[in-house]
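Here chain A shows up in two complexes: once beside chain B, once beside chain C.
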Partner chain A sequence: MSDTLMTPQDIDADLYRSVEQNGPGFYYVAAGFIAIIVFGLYRYYLQVKYGLGVTGMNQPVTWGFYIINFVFFIGISHAGTLISAILRLTQAEWRRPITRMAEVITAIVLVIGGLHPILDLGRPERMFNLLKWGRLQSPLLWDVVSITAYFAASTVYLYLPLIPDIARLRDRGTRPQWLYKLISWNYQGTPRQQEVLHKAMNVLMIVVIPVAVSVHTVISYIFAMTLEAGWHSTIFGPYFVAGAIFSGIAALMVVMIVFRRVYHLERYLKQIHFSNLSRLMLVMAIFWFYLTFSEYLTGFFGSEPAELDVMMFKLTGPYAVPFWLMIFFNFVLPVALLSRERTRTIPVILIVSIGICIGMWIERLIIVVPSLTIPYVDYPYHPYWPSLTEISLFAAALSAFCLGFMIFARFFPLISVWEIEEGRRNAVRETSERIASYLPDPPPSDDLSEFSSPGGV
Partner chain B sequence: MPAGVIRVLQLITITLMWIFICGVLIFVPWLVYVAARWNDALNWSIVIAAVFLPVYIIVAATLTYVYFGLRRGLRK
Partner chain C sequence: MNDIQDGLAERRWGMVIDLDRCTGCGACVAACKVENNIPEVDPSEAKIGRVMHWIRIAKHEEKDPKHGDIRTYPALCYHCGNAPCTMVCPVHATYIGIDGIVGQTYSRCIGCRYCMAACPYTVKVFNWFEPKWSPELRDHTNPDVSLRYAGVVEKCTFCSHRLLAARDDAACAGRDVQEQDYQPACAEVCPAQAIAFGDLKDSDSTVARSARSPRAHYLLEELGTHPAVIYLNEREHRV
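Our next item is the complex of A and B:
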């Protein structure tokens, strides 16, 4: 059937496939992830029962995998709402098939990342002391407040653009009908309703950007506000935000490539989308390297003994292998492979993106652990190695992310259907008008006579 | 599910969200009070509270505006 004979719903039928056609494969994969999560929960039960002794953390390294993963996951959350809001705000037309996936990543990862500091507590019930006697001047509490605010803003920012698609599912008779009727909020697509949604999305778009930036800045303050060597740095705020956006784009690319393949979304997620995002990723790789270089150069030039000890510990000491791997994955690999159009293919982008996710995780490790390993006080060297509990909880967190994404895809389209339809209807006209508005205005009619005169150009 | 039940459930959701927001509106000033009581960086506490409280209020107000806006925009 040619496109011209298709109704709009038929044209975009592929987008409903994840919701309406699920084979047994979905349940097998979900069962696998659930098994990993259950094992992780069992290990956590042991941790609560026997205490933090079951982890690899000890004096002086009292922050390990949990805090590394906390920073890593919250960083990835920047993939979504921030990138989506910036692309929407700048009216980047190629954003349309990307924004939904980006927003879902944020919502899921914020929950997973936000739980990690609780995992790090030997007595998790003491979290309630935060409600009673929290100290608002502590960066740890800023984290709680800012992450909760970001989560609230991000979930609403995910939900609002989802309403028209939920209404479509309701009208298609997709099950469970009660759910779609309940959360579609009686959306019928009337001009008044569209206006209300657009206004609300515009407000949230503007609110969410500073909140997103503040979240990762505040996370960096947990480290930067202490006087620990290797942490007490003025550029940690932008360094963390840049790293978060960088790892966020990489995670988004991995998710896009995997789900494109699984749900056959090749018609929507095209080479141009990956090419544009990988250019952005390349810019972020160079910016990240510049910040890393500045951070280490100023520390090195100052030659403050404690700072130098930590730095050498990373550059040539026990953490040299992860440090140089980080440089390889976060800078060498993206610059080598994404700079040239010829190598900017989807398989290569997938390899580079996975590499960046690994590299950025190592970066969090390089920030958290070495500074604690060499404290100011004279303490015997005690290397940190994660225990099975920490590794299994990390695996459970990754599985929870994958499972969360699969469950979302089971109930909602992963690509915004209404935005694609709107793009088909209006984007070409609107973009042409916008481009025309960028061009210089024609000269006034009086001046035209000069050009038409024999002496004119 | 009858339309009336759906409407009630939707209103309950909106109410629960506002209860949460009220919780935050009580929690954050409580922390400012704790800082004042312990003579512990009160100014900074007020600044931080003033930064984050509006975010919650804007988010909740936006969602409420959308809910009632969509109802008002229903086809006759």
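Our next item is the complex of A and C:
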């Protein structure tokens, strides 16, 4: 079946809007983001020139914004692939308009997050020592390995389901034709091609889940493997993964709501999608709180002096405001607003999602900085404040994310067209067949003579 | 466990600091600074936590006013036998040397500062900027100690350049390096003779005997880092 040609394409013309109809608005917005990125790069140039002293880091707070943002962005990257893979794997039919955006977030954010440790290096030109002299015993090397694997898996996982859509763009004559011709690999939608594509996607969606889990687990190990009070905790692996999925869903929601508005995708991204995702987000909020509670209660109950010092520094000390803001954004607000159908409206979800993104960023701050500020030994107190360099590079990273997303949308549909078509064509039948298969088999009934007693009347 | 603890290494250089003798005068700090070409830091930078010392006089203030005293003690790299910094280094830039001295290879360090975050004693320092010295000092740097540059981590080496020189001298004389051949600058200069230095593996050495004293204790012993720096303290409160 050549599904690139048979379907009337006009029904889904809206989905090509971002690719085929571009006003000057695109360039104005892009220029704004590029300006922020260029300024950030200029500050980074100064950092390379003069040294890491241009940041706000010091002794003992040797890690700051760069590592916080590293953990934060890599966390966001779990939106994507993990959510999309899980939804595909569980055959959740409502996934169809969501998966593509989730996968794009992953790919872009992973690049941005993965660059952050390099921003943090005192001697970035020696980065390749990691390959030349790398010690696999160091958690940093685990990170290099697992982020690389995740990046490879998730870009392929983004690209494969994109191929039929690229073929559609090629057949529609959308420019630049050479690009679509090149990267559609002559996909024609033949049964053989579809079979191979589906097989590859099925393998990848399973592979990508453990890889994604490993990524944030290993990032948590950077902290958990040290002896620092507040870091040295066995719960950190699952805690980071849960937080990553949580912030990932929130970021996905923000992106979906914004681009739904910008590219008029209201017909595809409906209330039900947001409602379902926000239920998932609510579950993650409660799960996140449970893990946070466990982590803090064990520290508090054990009352180990160093642990308690760090904890009180967070709960009642200089980090009390961010700490309680984090609890508010990550737990109170979602539980209060997402529990009821009545308040699960799109504007409310947008606010809650932005709140969770902020809250999860604060969570990373609360993990990284206070433990370093309060070391075991007697050391002069030096609070950490980010410098202009760190703030502008944070802004640049956020802009790079938006810009990357815009550029993607400029060349590819943000919603998987072929999966929508497939859904329209097959989903109802397949789902009813599936549901029918869940139903109990008819009883071996006595009054059906042909099945029951051979001697019956 | 590495060979420092299981007895394969012949020596383990260690230091005993007698806090009952230490006056907190800071002579060790000054001597270290000069000996190891430690750069000068602007007061404005020092104030925000970029001060560079390989040994410093740490101040311990008792939270409970009942005990209300401030105690000082010299804090330096503890050259742990089970060193958390060496375990996390991604590029083998910090390592435990054969004599138990924890070394730092400046030319390989990528400046990720993971070792600083992992060190429970917070003794490592970072070159936040290109290091600088006042002209008088710049012209009289110790030629035996390499000058560092921006973006790398550094810390106390137990004046290992002196060990290298002592080894060479001993080799010329056709013998092994002896305890008396080698003293770090801080131990040498201490006016109260509070700092003793020697081989912890030689059970007759001053340091090994002091380490067995009931006054002896290790900083953060409970973490299991096996420091090579031992404090002696008569008082009820340690360090």
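For the reader, a short list of remarks on this structure follows.
To be clear about the criterion, the second predicted complex is superposed on the first by the 438 of 457 C-alpha atoms of A that agree within 3 Å, B and C clash if a C-alpha of one lies under 4 Å from a C-alpha of the other, contacts with A are read in each partner's own complex, and residues count from 1 in each chain.
In this section, a residue touches a chain if its C-beta (ideal position, glycine included) is under 8 Å from a C-beta of that chain, and two chains touch if they have at least 3 such contacts.
Keep in mind it's a predicted model, so treat the numbers as computed, not measured.
In the overlay built on the shared chain, the residue A:Ala152 is in contact with chain B alone; chain C does not reach it. After overlaying the two complexes on the shared chain, residue contacts for A:Gly32 are found with neither chain B nor chain C.
By the document's definition of touching, of the two partners only chain C reaches A:Trp63; chain B does not. By the touch criterion defined above, A:Leu197 reaches chain B but does not reach chain C. Within the superposed three-chain model, A:Gln188 lies in touch with chain B and out of touch with chain C [touch as defined at top]. By the touch criterion defined above, A:Gly122 reaches chain C but does not reach chain B.
By the touch criterion defined above, A:Gln137 lies against chain B and chain C together after alignment on the C-alpha atoms of chain A. In the superposition on chain A, A:Pro443 makes contact with neither chain B nor chain C. Comparing the two complexes, residues 133-135, 137, 141 of chain A contact chain B in one case and chain C in the other. For chain B in complex with chain A, the touching residues are 1, 6, 9-10, 24, 27-28, 31-32, 34-35, 40-41, 44-45, 48-49, 51-52, 55-56, 58-59, 62-63, 65-67, 69-75.
Partner chain B is touched in their complex by these residues of chain A: 131, 133-137, 141-142, 145-146, 148-149, 152-153, 156, 159-160, 163, 177-178, 181-182, 185-188, 190-193, 195-197, 199-200, 203-204, 207, 211, 214.
Chain C contributes residues 45, 48-51, 58-61, 75, 84, 87-93, 108-114, 116-118, 120-122, 124-130, 150-153, 219-220, 223, 225 to its touches with chain A in the complex. Remark: chain A residues 50-53, 56-63, 117, 120-124, 126-127, 129-130, 132-135, 137-141, 144, 222, 225-228, 372, 375-380, 382 touch chain C in the complex.
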